[in-house]
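Please find the structures below.
You will see two complexes here that share chain A, one where it goes with chain B and one where it goes with chain C.
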Partner chain A sequence: MEIKNIKLSQLPAFFDQLIKSGKVVIAPVMKKSGKVFFERVQSYSQVATDYIQTGFSAKSVVFPKVEVLFSFNKTDDGIDIKDSITDIPETIVWGLRPCDGSAFNYMTEFFLKENPDVYYAARKAKTTLIAISCAKADDACFCTSVGLTPGSTEGSDLLLTTMGEDVYVEVITEKGKAAIDLSASLFSVNEERSKEKYLAKIDTKFSLTEIKERIKTAYDSAEWKNESMGCFGCGACAFSCPTCTCFDIQDEGTQNKGQRLRCWDACGFGQFTKHASGHNPKTNQTQRRRQRLMHKFQYSVENLGIVSCVGCGRCIRVCPAHLNIFENILSVTQ
Partner chain B sequence: MEPKNQYIPYKMRIASITEEAPLVQTYRLEFVDEKDAEQFTFRAGQFAEYGVFGEGESTFCIASSPTREGYLECTFRSTGRVTKALANCELNDIIGLRGPFGNTFPIEEWYGKNIVFVTGGIALPPLRCVIWNLLDQREKFGDITIYYGARSVNDLVYKEELEEWSSRSDVKLYVTVDPGGETPEWKGLVGFVPTVLEQNPPKSDNAVAIVAGPPILIKMGMPILSKNGFDNANIYTTLENRMKCGVGKCGHCTVGKTYVCKDGPVFTYEEVLKMPAEY
Partner chain C sequence: MTPLQNKVAELFENGTISLMIGYKNAINKLAVPCFIDHATQVEQLIYTPECKGNLSVYLHKAEIKQAKKIGILANIATLRSLVQLTSENQLSDIEKTVITINAQNEVLVFDNMEKVEEYVQANFPEYTEEDKKLLEQLNSMTRAERWQYWSEQFAACVKCYACRAVCPMCYCSSCTVECNQPQWIKVSSETTGNLEWHTMRAMHLAGRCINCGECGRICPVGIPVHLLTAQMNLDIEKEFGSKTGFSCNSGYALNTFKPEDKEQFIK
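Showing the complex of A and B:
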């Protein structure tokens, strides 16, 4: 991997080159609430630099909350159908955390390995991920328990790690190289070195090897009931999750003119599995919470070989019932 | 070659409408674009997403046999937003169709075997596809026995075809209605399908069985066949969980790690026993 250096004071100049490239640049922005969310920005002055984690992940860049699959228009001799794939812009995501970068790895496996999703493929191909290592963490962070670190490079195109007055730049992919080539003069050659002392310290909550083994027999654990008791199925965990991919398909408009939409959905919603007959295979919140956690730690491992939890901690921070995914996983695998 | 956009539907013209039972209709659909008709193929057991533009999509198995070329049929009950809109469509209206999705019944493996169908209500449509597929090459199979029931006489679907199968000497047909669902003129059986199955058990020698129904019928029917000597690997079912995408992405149909839409909908009892009962 190619390693570069840029002066911390030069980051705004690098950022402005990204803006000038004409691509859509999405970066963390501090809102009045004190929370940080990704949004489109026009200059570095808008970009938040002091934050642990963004409210939502950047997954909406490749898997929008609401996406138009196609629009339709009834005509005299039939129906015109038009998809919107050609309108997808080149996009740069700035400042995502390494955990979120690795979530893109999972999503790419999930969406493209089997029955490839052309919308995801088109968006992902046009997205460059510039991640920034974590110098700070909070109690909800647990990336080190799921095989990652605050300086993981998986899934990102560039990883920036601030080291005093310098920024250590790992050029992970060709897309990452293309991004720094926009302002080549700002970057100097650097040598590979340890990032360790510049990264947040995050305690390990559990041994992933042990959890992966024990969860195989956790389906019938009596603890699911206790652990899901508080859950009222609001779906906040799924919507804030960087790896949740469930969606609904809904039409909008009239029968003459409208759009077919793909919208985020959540396995915690009571209607999610309900049949037209009224029969519901997952009748209660315990079954739904179990599905969510088993999917992250067992089913996605069996199907794709990947634990689909990156330890970002968002579901813990947003849960109104104070459910904690790593505590839940520990208790059902006791 | 670019991968196909699996969300863009084929345009289908409603070529005929048959009233089957209260709120239940069969639509015969023909491709609007001849090129689509030429390249579209499917096999018994597969399903499709049927869409009314502006209303959404619903999932049903293809109810016609692949041996009957040039059209597809679906049978549905008007229940929710989409099926109500579908029911309000008229002859020659254009609807959308995506598919075919899912795996298939291994019909070639059944050559020379006796075949038993166990089904109820509007779960006959998915099996009707298989039944005609077998009857259209009748010489390749042994005995064919069909157990079919509905809540009431009025709720039986494909009444003309039931007549036809009942009059054929090469098909053994048990038609039953739930207790209380009979009419004074009713000459068939009265009783729930699992009861009729237990009272008239099919022979398991050299036989395969296919069970389709509301989940309760699947959950009760398969153990009865197993008890009667059918190998669990020779008892098939088609699971009908809620689905949206049809291609293993939207997450609605999962049973444990299994996506009913792409890993199924056809499963053997042996496979079902290894899955959580989330269907």
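Showing the complex of A and C:
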């Protein structure tokens, strides 16, 4: 991996070049509510720099909350079908955390491993991920329990770690290289060194090896009920999660004009498993919460070989009852 | 043990309650809901200014109702919800014991709703200063500006329905948004459809919302959605003279007929 250096004071200049490249640049922005969200920005002055984690992840860049798959229009000459895949712009995501970068690896496995999803593939191919290491964390962060660190490079194209007046730049992929080549003069050669002292300290909550083994027999644990008692059945955890990929296909419009949409869905919703017959195999929130957690730590391991939780802590922060995923997992695998 | 913990332990021991819904400390200095079913667990119970969640919403949950004898730790918003829910005949099948802590830090136990009602009326909360300010700002806007304001807010809505999930007054077993024949509200999240959803919710809660502010407080994208129903309440109070969560027998302003009503159309 190529290592570069850029002066901290030069970051805005680098950012300007990214904007000038004409690509869509998405970065964390502090909203009036005090929460930080990814948004399209036009200048570095809009970018939030002091935040632990964004409210929602950057997954919407490759998996939008509502994605038009195609639209149709019936005319006298027949039916005009427009595939939206041609409208996908080149996009740069700035300032995502290393945990979120690794989440893109999971999404790529999910969407492309079997039956490759052309919409995801097209968006991912046009997306460059510029991650920034975490210098601070809160009590909801637990990346170190799921095999990551506040300085992990997995899934990102470029990782920036601030070291005093300098920024240590890890060029992870060709896309990352292309991004720094936009302002090559700002970057100097650097040697590989330890990032450790510049990274947030995050305690390990559990041993992932142990959890992966123990969860195989956790399905019938009586603790699921206690751990799910506070769950209200909303979709906040799933929608804020960087690896939740469930969706609902909706057709909107009339018989003459309309569109097919892919919308985010959430396993916490009562309707999520409801059959057309009216039967619903998951009748309560305990079963739904179990599904969500078992998927993260067991089913995705069985299906794709990856634990699909990156320890970003969003679900804990965003949950109206602050249900704590790592405490829940520990409790049901005791 | 704190006086609260002692009192709850006593209620477990004398068989008054079999499940207690309260608050406990959690990471990031949060106070989160906790559910305890034995006197030995009372030491996790807390009551601090951080205990903002409205726990009455759990009384609609099947898993909770199984407990039969439920104790609930209630802040003033939760107490108001209990009063409003009683007036809407939603709590008649639940044997409940309501516990609160007053301004003098005394633990009060109410074994019937008349006592809760009396306490609520004597301690009826005002709108918060922040909400008053926000409502004032919204009311001073032109209609076009207000439309713009809410359009921008609701463009960010992801339809996670957390606002509905935490609302003690949203207790319908099946919600309009889940009906797809006909589909009243789109499943997809986009500004107009999101506005439709929030308008519909506000209309269903007009004069029923008890101003706990939970929907706005917990919105993952920070939409102050509670202001819609807060304004509705002010309008209903002005037009009909009724306050929400004030009386267990008040009836609902928008579906109650009184012979002395000034309108003639119904006579």
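What we mean here is this: the second predicted complex is superposed on the first by the 331 of 334 C-alpha atoms of A that agree within 3 Å, B and C clash if a C-alpha of one lies under 4 Å from a C-alpha of the other, contacts with A are read in each partner's own complex, and residues count from 1 in each chain.
We adopt the following convention: a contact is a pair of C-beta atoms (placed from the backbone, for glycine too) under 8 Å apart; a residue touches a chain by one contact, two chains touch by 3 or more.
All of these numbers come straight from a predicted model, not from anything done at the bench.
Within the superposed three-chain model, A:I85 lies in touch with chain B and out of touch with chain C [touch as defined at top].
Residue contacts after overlaying the shared chain place A:E165 against neither chain B nor chain C. In the superposition on chain A, A:R260 makes contact with chain B only, while chain C stays out of contact range. By the document's definition of touching, of the two partners only chain C reaches A:V318; chain B does not. In the superposition on chain A, A:F72 makes contact with chain B only, not with chain C.
Contacts of A:S240 after superposition on the shared chain: chain C is touched, whereas chain B is not. Once the two complexes are overlaid on the shared chain, A:Q250 sits against chain B and chain C alike. In the superposition on chain A, A:P281 contacts chain B only, with no contact to chain C. Contact with chain B, but none with chain C, is seen for A:N115 once the two complexes are overlaid on the shared chain. Residue overlap on chain A between its contacts with chain B in one complex and with chain C in the other: 248, 250, 252.
The residues of chain A lying in touch with chain B in their complex are 69-70, 72, 74, 78-79, 81, 83, 85, 110-111, 114-119, 121, 219, 245-258, 260, 262, 265, 267, 272-277, 279, 281-282, 287, 291, 294-295, 298-299, 302-303.
Of all the residues in chain A, the ones that touch chain C in their complex are 31-35, 37, 55-56, 65-66, 138-140, 225-226, 228-230, 232-236, 238-240, 248, 250, 252, 261, 263-264, 266, 269, 271, 284-286, 316-318, 320-324.
Of all residues in chain C, only 26-28, 30, 32-35, 53, 57-58, 61-64, 156, 158-162, 164-166, 178, 186-190, 214, 218, 220-222, 224 touch chain A in the complex they form.
Contacts from chain B toward chain A in the complex involve residues 2-9, 11, 32, 51-58, 77, 79-80, 83, 85, 94, 214-215, 240-242, 244-245, 247-257, 262, 276-279.
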